[in-house]
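What follows are several structures.
First chain A sits with chain B, and in the next complex the same chain sits with chain C.
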Partner chain A sequence: MKSIRFTLSGKAACFRQPDVNAQVYFTYNNIHKVALLGLLGAILGLSGYRNYKLYDQKEPDYPEFYQVLSSLYVAIIPNGENGYFTKKIQYFNNSVGYASKEQGGNLQVREQWLEHPSWTIFLAQNNLPDGTWDKLCHSLLHGQCIYIPYLGRNDFPAQIDAVSMVELTPTRASRIDSLFRFDGDLRALDGGGPSQYLFVENAPLALVRKHNFYEFARFIYTNGNIPIGYLPDHLYTDGQRQYYFY
Partner chain B sequence: MFKELLQEFMNHQVQDTKFDVDTIVIQNYKLKPGLYFRIRENNETDCYFVKKSTAPDNDPLVEWFKEADFASTLIEMNKPIDPKKQIHSNNIYTLFCKHDVFIGERGINPDLMEHIDRYFDALPKIKDKKSEEILATAGYQPLNTETVEECKTKFLNVLDAIKDMIIQYDIKDNSYVKLFLDVSLEKYQYESGRYLLPRIFNSNNYNIMMDEQVIGLSNANMGMNAKKPYLEHKTTQFKVPYRITAEDGVLLHKFFLWLNGLELEGKTLYTGYIPVGVHLPGLFAVAKDIKVRSSAMYVNLDRGINVTIDDYDFLPRFNNSMDKPIRFKDYFESSNYPSQKLNKLNEVETHINLYLYGGHLIRNYYTERVKVTDNLSRELAVQIVTSRDAMHDWLRKGNEVPIRSCVDKVSMGVLLARLQNLEYVSALAQMLNVRLALLNYFNKEENDMGYVMEETYLSLKDKVLSKNKNEHIACQNSLEFYIAAGQILYYYFSLSEAQKMHYDVFLRGIVSAKNIQTIKDEHYKYLHKYSYAIDYNNQRFNNMLSIVTSYAPENEESIDRDALLYGFAANNIIYFKDDDKSKQDNNEVKPDENEGGK
Partner chain C sequence: MKKNNRVYGILAVGAYMANFNADLSGYPKTTADNIILGSDKALKYPMKRMWMIQGEPVLYIKSMQIKEDKGGEKLQPRDLNERYSFLFGSLDEKTSSKEVLGKLFSAIDVMNFGATFAEKKQNISITGAVQINQGLNLYKDTEILVQDILSPFRNSNEKSEDKLASSMGTKIVTDEAHYVYSFSVNPANYHDYIGLANGFEGYTQEAYDKFKCAARVATTAFNTNSKSGCENELAVFIELKEESQLFLANLDRYVSAQRDGDHILYDLSKLAQALEPHYDQIQSVEIYCNLATIKVNCGSLPGKVESIY
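Presenting the complex of A and B:
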């Protein structure tokens, strides 16, 4: 399987978890598939969620970037120690005036940010039309984009480097070196010795038609061994490590 | 965040079959202060008085009240049954109100009847169409008016008797009076669904149908406020951030009730870990419980009117036991610093909090504005704010990355900031001990700076104590110079007759010095100032002075503040009390000063 690999990093990032808004906005530890597709959409110049409102068009089932790119396969490898990135809660004011109608017009925001995140990303064509795939690879390899790709907020520009084409072959080893879906009992995972780590995150996997909520799935990242029965499909290797594509 | 938390919350039963979700909540459930009455068929009552939120005992009556109360309390005051919010229960079997609503100046409060009528009128009514939909989906039939009246009569029959019993107790106005009918707990649970399901969402205005299920805006740590349009998600298609099913809403509600009741040995818990995969008994753990490496969620709670999670992080590999210990060592021969080898993060935290931050770190981890007081200077507040995240990441989450790069700056910053309100010079010694231990821990390849300073101090001591008047005493190296400079400055300081000692005024010029000349200039200033009090025959002082003045480095060098402060904080050699005979030679010995005291 042909694949394009690159490193995605930045000084900070915030991929908001949608479940709370009372005190602090928390971030996912890793970029999720929907956000990644959005970022690639920016590179290709595809439109986002608000386009139809801005231009008075008919409401589509999905935003353009998702419509076009959702058939792409991705594999995500967090490059932090044990898959973890340092997070810090930032406290700032939104004082533009229209963010709060209370006296003073000030909205206080507390937001958790990732510090120096870095991921290795693999993309594979899957069912993506040839034209779009070639254009995407060309843009990545030549460092070109239509809109500026950023990591969750437009204050955090994304750094994309070490881009290269890689040939992958299917495998089924018991260790997976990328994030992968896992719905089984976590206690079944073992190995890794005293340095074993286990990272778990329920992250957006896809968008729901029309309403465009996230559909979630549980992803884990571990150096433990996965029992054969729990091994997911779509495992590929570059000869050194094994990655899960979804 | 909630998905991971709820997975473990529900999974707990898999690990410990006794604990299903309701049991684990009730185990932590606390009855609010007040009088609890169970009204039996023959109008007799069982009564229980909760004085404060006490720890649960094994009284079956209390257990019964806990379960019935758990099913009958309001989600929050904004979601009442009684439109005027006087009655605080939620079903036909219960009647809760505050003491002053029940009892007036002369017996039963005259308004109580009105409240009870209004409450029982409101119970069978369904708020709106959407609530009706939800109840119908869950299979609830509308309440039968006869049943409602029947229950109401049961309460009215005992009101007078209850009043008499209440008067016997001296309870505060804001304590509760809670009446329960003696029906099975299953009935309570069933009726609680009638209240909870239509109100579990933040607001039914956001409900939508999906796959024949109503989903609505979650109410846990979530709010929509017309005055704050940016609580919506502006750049996604879904404006309302998080929609869930009513069942998930009930689960979240229970999860927060559980969080609300968390305590350890009678103390409310604010911070802790929820292990992932293999659980600990009780599910919620404090740092010292986590003795082996495990994957855990770190949670910090803000306890206001409602519980809010104000910090959350998933730790893929947390262990309270550290991979290698920190050696906290006393480099000063002082008796009030415990030399110890610590390898538990929570113990290291306590140690650093006490000896470096003077007790101000832990309680200010999450304070928005660190309050400046007599004990906590503005400078220290600044230092706490700059360093607390890095300390917290290390000591609570086991993440050394942030502190590793700033430990030098942070420990020196805190130390200098605390000089301002320093009451005892021994506190300076303690801070230096902590700082040196931290530097050793994080830069293992470098020399043990404390050890080198201690050795230099000892050789300095030999020199200064030398009684050979003909010996030429000169400075050997820069370290010796700085320690001697610190020593001699402390000596001047001790001669001061000021009522209140200000270490910061004394040390300001010195610690901000950019080069060695500034230090010497400062030193001369004090020498002139206190020369009247110094005996020119004091050989120890003369020896020390000779060391300080004889040092002149050929090249520019940076100031060794650690050695300077070490010299200042170490037992003063000029005042050293070796044996009895030395007293005769040196009548200036002040024994108290030897302890490095006030």
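Presenting the complex of A and C:
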């Protein structure tokens, strides 16, 4: 399977969790597939969540970037220690008076940021039309973009480095070096020795048609072994490590 | 005149015995590993103030009005609807989005930095052509100083009724910090709105020129208590050729700032190296600095250093 690999990083990132926003906007620890597709959509110049009424257009099932790119396969490998990135809650004061209906006109925003996040990303064509795939590879390999891709907030531009084409082959080894879906019993994971780590996060998997809510799945990242019966589908290797594509 | 080509660049701000961007505790904003940073808002605010003083329409800025209250007339900040109406005339449920969009783009801050506008059945979100990143303090020897200051008044609460001294406060400053921001200008962000908004033809050279001017001097010109002592030190504008879609991210990675005698030395030689493979797509490089206090090592960058003023 032909794949394109690159390092995605930045000074900071914030992939907001839509389900907790009462006092603080929290971020997922990792970029998820929907956000990654949005970023690739920006590179290709596809539109995102827009106000269709403004364009006298009917609300489509999905935003354009998702409609076009969701058949792409992605594998995401966090490059932080044990898959974890440092986070800090930043505080903003928005005193312009119209950011909200706060008393006194002062909106206080607390937002959690990932610091120095970095991921190795693999993309594989899967069912993406040839033309779109070739255009995407060309843009990545030559550092071109229509809109500036960013990591969750438009003041955090994404750095894309070390882009190359990689040939992958299917495997079924017991260790997975990328984030992967795991719905089984976490106690079934073993190995990794005294330095075993296990990172677990419920993260967006896909968009729900029409309403565009996130559909969630449990993703884990570990140096432990996964019993054969629990191994997910779509595992590929570049000869060194094994990655989960979804 | 329409502007079609992309621009990337660097804006650096020096803070001397000043606090360019404080967090809730009054200390300079920091990351988890204690690097001092300034937000994009901190840099945009003086620019908006400068435009406002020049008589340009600026939408997203705090402005006050007198409100009739039960307890008499009180000073109150305008809400978004009031600010919009103050600048552009009335806005009600029947106002068309096209009209609103056209009015929004006529404000210089919206034309450059974009807008989020949700009022009276409007739901408009414009990603600005100009995007400014977080600015990290690249100066290694920054110290944070906490100064006690004496208030002219006794504390008014009940506990202090018998106190014989006036109250104390603190002022927190950095002795010296150098915030380095990178920015991008992408006119393509507005292509979707051309023809949609009344009379709107996309990002303009005029708007860019106003941004460029404000980017060079607005912080220096701005003198509030905590920001006096903050000044624009360096501005680099890298204009791409019209057809280029080159993506450059976080150019501040390639900059360093250190003391060199009386001057601050900004080293751009790594930036020059990073840009070298892309010279065929670059139309021009302009470098401005405060010649009295700043030295710039341009490496192999084309273009000479000019005064920021």
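Methods note: the second predicted complex is superposed on the first by the 239 of 246 C-alpha atoms of A that agree within 3 Å, B and C clash if a C-alpha of one lies under 4 Å from a C-alpha of the other, contacts with A are read in each partner's own complex, and residues count from 1 in each chain.
We take it that a residue touches a chain if its C-beta (ideal position, glycine included) is under 8 Å from a C-beta of that chain, and two chains touch if they have at least 3 such contacts.
No experiment lies behind these values; they were computed from the predicted model shown.
Engineer: Looking at A:158 after the superposition, I want to know if it touches chain B, chain C, both of them or none. Which is it: first, second, both, neither?
Structural biologist: Touch status of A:158: second partner only.
Engineer: Which one hits more chain A residues, chain B or chain C?
Structural biologist: Counted on chain A, the partner with more touching residues turns out to be B.
Engineer: Give one of first, second, both or neither to describe whether A:186 is in contact with chain B, with chain C, with both, or with none.
Structural biologist: The first partner, chain B, only.
Engineer: Just to be sure I read the superposition right, which of the two partners does A:227 touch: chain B = first, chain C = second, or both, or neither?
Structural biologist: After superposing on A, A:227 lies clear of both chain B and chain C.
Engineer: Looking at A:216 after the superposition, I want to know if it touches chain B, chain C, both of them or none. Which is it: first, second, both, neither?
Structural biologist: First partner only.
Engineer: Classify the contacts of A:145 with the two partner chains as first (chain B alone), second (chain C alone), both, or neither.
Structural biologist: second
Engineer: Answer with first, second, both or neither: which of chain B and chain C does A:22 touch in the superposed model?
Structural biologist: first
Engineer: Would you check which partner chain A:10 touches, where first means chain B only, second means chain C only, and both and neither mean what they say?
Structural biologist: In the superposition, A:10 touches chain C alone.
Engineer: In the superposed arrangement, which partner chain does A:82 touch: chain B (first), chain C (second), both, or neither?
Structural biologist: first
Engineer: Looking at A:201 after the superposition, I want to know if it touches chain B, chain C, both of them or none. Which is it: first, second, both, neither?
Structural biologist: first
Engineer: Which residues of chain A are in contact with chain B in one complex and with chain C in the other?
Structural biologist: Of chain A, residues 50, 86-88, 91, 98-99, 101, 115 contact chain B in one complex and chain C in the other.
Engineer: Please give the residue numbers of chain B that touch chain A in the complex, ascending.
Structural biologist: So the residues of chain B touching chain A come out as 1-4, 7, 14, 208, 210, 218, 220-223, 226-231, 233, 235-238, 241-243, 276-278, 293, 295, 302, 308-317, 368, 389, 393, 399, 401-402.
Engineer: Which residues of chain A touch chain C in their complex?
Structural biologist: Touching chain C: residues 10-12, 43, 45, 47, 50-51, 53-55, 86-88, 90-93, 95-99, 101, 105, 113, 115, 139, 143-150, 154-160 of chain A.
Engineer: Give the list of chain A residues in touch with chain B in this complex.
Structural biologist: Touching chain B from chain A are residues 16-24, 26, 29, 48-50, 63, 81-84, 86-89, 91, 94, 98-102, 107, 110, 112, 115, 185-187, 189, 194-202, 207-208, 211-213, 216, 218, 221-222.
Engineer: Within the complex, which stretch of chain C touches chain A?
Structural biologist: Touching chain A: residues 23-24, 29, 31-33, 39-41, 60-63, 76-83, 97, 101, 119, 123-125, 127-128, 131-134, 136, 182, 184, 186, 188-189, 192, 196, 245-250, 278 of chain C.
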